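The chains carry the letters A, B, C, D and E, assigned in the order they are written, with residues numbered from 1 in each.
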Amino acid sequence: GGGSDAPASDVAGTAISGDTIKIGVFEPTTGENGGGGMQEVLGIRYANTIVPTVDINGTTYNIELVEVDNQSDKTAAVTAAQSLISSGVVGVLGSYGSGVSIAAGQTFAEAGVPAIGCSCTNPQVTAGNDFYFRTCFLDPFQGTVMASYAAEEMGYKTAAIVSQNGDDYSTGIAAYFKQAFEQLGGTIVADETYQTNESDFNAILTTVKQSEAECVFIPCSIATATLILPQAKANGLQAHILGSDTWENESIVIAAGDAAEGVVFSTFFDENDESTPMAKDFVNGFKAYLNEDAQRITLNGGTDGVAAVSALGYDGYMTMVTALASLDGTEGDLTSVNLRDALAAVNYDGVTGNITFSETGDANKDAAYLKKVEDGKFVFVKKQIDETK
Amino acid sequence: MTSTAFLQYCLTGISIGGIYALIAIGYTMVYGILRLINFAHGDIFMMAAYFMIFAMVDFALPWYVSIVIVLAATVLLGVVIEKVAYKPLRNSPRMSIMISAIGVSYLLQNLATYLFSALPKGYPKIDFLMKTITIGGISTSVVTFITPILTLVFVFVLLQLINHTKIGMAMRAVSKDFETSQLMGIKINRVISFTFVIGCFLAGVGSILYFTPRPSVYPLVGSLPGLKCFIAAVFGGIGSIPGAMLGGFVIGLSETFIKAAGYSEFSDVFTFILLIVVLLFKPTGLFGEKITEKV
Amino acid sequence: MSDKKTILSVKDITMQFGGVVAVNNLTLKVREGEIVSLIGPNGAGKTTAFNVITGVYAPTNGEVKFHGNTIISNFPKGKMDKLYAGENKGKYKKTLEPTPDKITKLGIARTFQNIRLFKELTVLENVLIAKHMRMKANIFADTFRLNHKEEQKMREDSLELLRILDLYDVKDEIASSLPYGKQRHLEIARALATEPTLLLLDEPAAGLNPQETDELTDFIKDIRDKFHLTIFMIEHHMNLVMDISDWIYVIDFGKQIANGTPVEIQNNQHVIDAYLGVADDE
Amino acid sequence: MMSNILEIKNLVVSYGGIEAVKGIDITVPEGQIVTLIGANGAGKSTTLKSISGLVKPKQASILYHGQEIVGKTPDYIVSQGITLVPEGRRVFPNLTVLENLKIGAYLRKDSLKEDLDYIYSLFPRLKEREWQMAGTLSGGEQQMLAVGRALMSKPKVIMMDEPSLGLAPLVVKDIFKIIQTINEQGITVLLIEQNANMALKVAHKAYVIETGTITMEGTGAELLANEEIKQAYLGKTK
Amino acid sequence: MTEQKKHKLSILFSVIAIVVLAIALVGVNKFTAPTYMLRTVLQLGSIYALVAVSMNLLNGFTGLFSLGQAGFMALGAYTFAIFTIPVNQRAGVYYLYGVADWLANIELPIVAALIVAGIICAIMAAIIGAPVLRLKSDYFAIATLGFAEIVRIIVGSSPMNRVTNGSLGLKLIPKFPNFYFPFIVVVICIFIVWLLINSSYGRAFKAIREDEIAAEAMGINLAKHKRMSFIISSFFAGIGGALMAMYMGAITSTTFNITLTYNILLIVVIGGMGSLTGSIISSFLVIAAREWWLRFLDQPFFIAGVQIPLFKSGFRMVVFSIILMIVVLFFRKGIMGTKEFSWNFILKRMGKKEKTPVGGEGNE
């Protein structure tokens, strides 16, 4: 990271010692994003049970996960990151929610420990940070995808936006959606924001209703989604509700019930996509893993549905392991900085698609999946390819 | 703004305002007696929602039984909190109890996360509350409609209780001076518990009314309503029950109309500015007792 | 009457709390160097009069002059205009409502009926605080100790005062831990530290036993002489009042009902009826 | 021989290590006026507070009608018929004068009308101020209210901590008259007074407390005549 | 004589203690790995110590119950960030909305920006202080809380996009130039507050805390003194906010929500309202406990291969809240009460030993 006293090139990093490799799991398990964060952790834990060891140059190392809770809070995130570093991790996975990742980014960079953001979509996470990678697509792409779906696929001329004040994830996507939608000739007729932890949206929804927008784009947290949907229904809102990647989460459908019908959102992963058979195995395996233990079901929101973030967590872990396995050298010069270089060159076929990283550290993913809620189920709508790539 | 839209906003504002009022009364009563800003009050409200999920979803009890159970459990929770976290600090500096309250608030939030996960849970449907009724062109659910009415009824009953009964007089006496109250033969612990019973009962009712049309519960769901109701209580003059009610309605209505005017981003800013302006003219809130200190 | 200069002159002061008329058209004078007492039944308005003079309450109507300068002046306004019960509505046109600190700066210090010390602070700190007002240094100079000499002098003066008032030995004690009598002394010491020319004492002997009250009598005389003070005092202990007062004002229901020397007052039937009662047989 | 309504044996109270009362014995015969006199800080108020349960003694036996009341809560002790007029008035500032009087009778279930009239006849000033918030009363008015409030509970024993503080001379006399009147009605009085002259005059029995110990006891008249007492507490005689 | 000697000895002891602490700090820097958690805890703890001290100046010393600390920290942090993010990287930071023209080419050195952050907060305090300080106790608290929320929302709102980057927040804020930087700044700031508190003005503040009416009767201008205390407190809160921005490297407006104020209040009360040393000690303890010592509670915990059921994610905060309440129960007035740490205790012991040989010294 620029501005720091430790340019990426000459940090020492952490060396692997002994027969155990520590991987940090930097996720919110409490606070605003505690729910989604936990699901990502579940994906990572599952991956760890599948591949608990890695062979580097003929030596087998155990992989130990070191989990730390960043509390969905940026101040806590920096210390949480620091505590991971001090426990000797060589790589980090996470975090759900871009804000905390951005906050902790420099800490990882200064320590020379590479991090893979699994589901954080804000460009700022990887921009200007040589040590941050990510396995998902970015907000600009996602915003564009949703805008083009609304404008081209559905032919909507007017749209409303509802986003969260002070939240970089939500505001970021909203801004890109607005840009793209207006470029495609549409008009944004209402642009509303709400405060963190808001739970009453009636006034905002009435305004949206008044604006007579044909669709409303609501990039928000899972909790907000479950609140806003029933209120929209009660309010008699006719506009088509569009969501962002966070919305692929069964707890929304469970909590919101039929109020969620018809909602369309973009996501990273389609468990029914035939083109990647790995996905099928993952889905079955993961469901079995969840059902093994009632506690896991609770943490997954009371169902055995597979959240996209779990898949991304799984892929993040596997990407890390692939990079580890590709390291050469022996104990002593196996360092986190070398791991970073290995990651930059990694090529891994994951359940969410093929993963290679660009200059900035972003996965070269060019596809987003659009899904729709029908009869309480997520139904695949279409695969959207990014033409700019 | 069309007239139906206007009515719609009014209804929204009055309804949410009624719930704010119910919670604000809890704040105000506890403050009135202990001079304690009970930071945990919003979280008690949140816990009440989880109780309802247990009762109706996990134990599949009918709604009328569940409501009774929820109210009882919420009241019990409040009384237990008082006994464990506040009572031992009765003779400590005010700030210590306040920190204990913050501690309870953190504890409830974290305990809820720890036990139920941070993912939102659906709030059960109470059918008769969700029935749609149509009045003068706008349709709304029963709950929206009865919330303000219930609030007014409760406020009326409470005012009678506090101003015209012995226990009410005892509450006002205890609020100023524990020792002398004891000298009058008042069992202060009982009076304080009673205050928590009322406060938590109202939080329980508020919780049912609030979550029925907003059926999603997660550990932090009580924090923002908690803060707003605290503001409502101050707005009306902390310690005053009609004040808390008025504060609740004013805040509910004003934030609704600010959002209606297209300034949703700044709705809280306006609310706070309104609060500060009111305080500048009425330094102890709208109905707050003037602190006349005889010199 | 002597030809001493009038130091404090209260004119037509009325103080109303809503409908309650606590002080009603009160006029009185305090001459330099004297000890003047204000007596009257409970609730007569004595403390309220003190509160008006020291700026705690802005009077509803009337004027207060100190050393010949008008320091407080007011007339009924707004709601009070209707409620006002006195007769001099139009007489005082000016509004002058200084805060208590301004009055203290002018040289009027007071003690309170219910002791109001800085309870958690030490005796010395209590006195030093009273000296703060007279300090010249600004907050910057004071923080960075650029006014070392001034601070030094403040400290010395305070210690000197404590020595005179017999509080030196307890200078590092917390004020609230002192026995009641000492607390009364400290209140007076603190008031003296503001370097007043007029000292108002509100029931200085309340809570003292007769022995201690006798000691207080001498003490008040002493400080009057030592600090060249004028003393204006509210008291219910008649021994004390009659012993040291040069002049006594009696008020009832906020109105002056008599004034004169102790002997005159003791024999005033009106005062006996309203306040003193028949003298004891001993 | 009259029975003792209150017997205090070996009362020791300490505030954070400092002993304020160092083992005193006091007996209060039923139907009498007993007074405690002593310098400031001698421990008089502490003694009364211990009896009414506001202060937990380090060690003591306090028998009321032969029943141990140490460790009981203040509200219980009040319910048994022991009332305290606390030092410093302690009226409820946010309650009206009338409500203050009513709350004095908190534990009573019978009609208050007569007693209210009685109190108002003792202190006509309170009648005038019936609806005023007690917090805005003058010092003396508050003192009257505090005494009136205690009387409202119809106690068997009334303990008064400096009831004449801040009262006008006329009212002081009234207070002592009231003390005698209620005593004649059969109420036992335990009185603390700085006005030792008056207190000793009305008292059947008196104790002198100095720095937490009892240094002298006797009938009121005996102590009144005692030279040491005159020297230390009575001041210059007029 | 003994007084003076005591005074001199105390100063000597304090100097020794400071030197020892400084050496310890150098030791930590030299001999621990740069990743060692203690370093983070010390840095963050010192920042919290400064904000806690600034809050204590208001709450503990002047008796003004303010809940506006987070607002001033936000203001300080943003001011600092805006002026220090390297000019050549601004485009990257303001990637979505662009940067305001007036801002595009201003870059201040770190120390200057710190002071500017403080001054902006002081000015803001002066502006809002005039009306708000007329309010009493809890009403003042809620008004300051309102102010803090207003600042936070406005900072993160869309009209501020080109200055504060709106909801997206700022990143690439310069980090501490070296390990010692935060400590030096914090020590200087706290030392100034300490000087202030022990000056005549500090005593006036305490008088206001004890009894406003009496203070006013002593000639203390309430409005003026309250305003001074508010402004100074805000100045240091601003610097604290700026340090926080440096520590974090990236900020958004949600960082400075009401929970932050609660956390600071908690530190102040646990340390003891009206005790600077209390605030300092409690900052380090609270931060160390929450961020370091209790972390293991979030990890699955095994004893002899058996997983202990309670230990799982989230348990740490549950335990932390319980500890919080227990601490309040046992230290009702906080760790230090209103007392400051002092050498008197040790000096008294020394005095006792000394008395026998020196003999005459003690007598006057």
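Just so we're on the same page, a residue touches a chain if its C-beta (ideal position, glycine included) is under 8 Å from a C-beta of that chain, and two chains touch if they have at least 3 such contacts.
Only a predicted model underlies this, so the values are computations on that prediction, with no experimental measurement involved.
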| item | value |
| --- | --- |
| Where subunit C and subunit D overlap in contact partners, by chain label | B |
| Farthest chain (mean CA position) relative to subunit C | A |
| Greatest separation from subunit D - chain, by CA centre | A |
| Where subunit B and subunit D are represented by their mean Cα positions, the distance between them in whole Å | 43 |
| Whole-Å separation of chain centres (CA-atom averages), subunit B against subunit C | 48 |
| Inter-chain centre distance, subunit D versus subunit E - centres from mean C-alpha coordinates, in Å | 50 |
| Between subunit C and subunit A, distance of the C-alpha-averaged centres to the nearest whole Å | 73 |
| Multi-partner residues of subunit E (each touching 2 or more other chains) | 153, 157-158, 213, 314, 317 |
| Touching two or more other chains - residues of subunit D | 136-137 |
| Multi-partner residues of subunit A (at least 2 other chains) | 29-30, 34, 38, 165, 193, 195-196 |
| Interchain pairs in contact, sorted by label | A-B, A-E, B-C, B-D, B-E, C-D, C-E |
| Touch list for subunit B against partner subunit C, complex | 295 |
| In the complex, subunit B residues that touch subunit D | 166, 169-170, 172-173, 175-177, 179-188, 289, 292-294 |
| Interfacial residue positions of subunit B with respect to subunit E in the complex | 31, 37, 39, 85, 88-89, 91-93, 95-100, 102-104, 106-107, 110-111, 113-114, 227, 230-231, 234, 238, 265-266, 268-269, 272-273, 275-276, 279-280, 283-285, 288, 291, 293, 295 |
| Residues of subunit E touching subunit C in the complex | 192, 195-196, 199-201, 203-204, 206-207, 210-211, 213-222, 228, 338 |
| Interfacial residue positions of subunit A with respect to subunit E in the complex | 1-5, 14, 29-30, 34, 38, 41, 66-69, 71, 73-76, 78-80, 82-83, 85-86, 88, 99, 102-103, 105-107, 110-111, 122-124, 127-128, 163-168, 170-172, 175, 193, 195-196 |
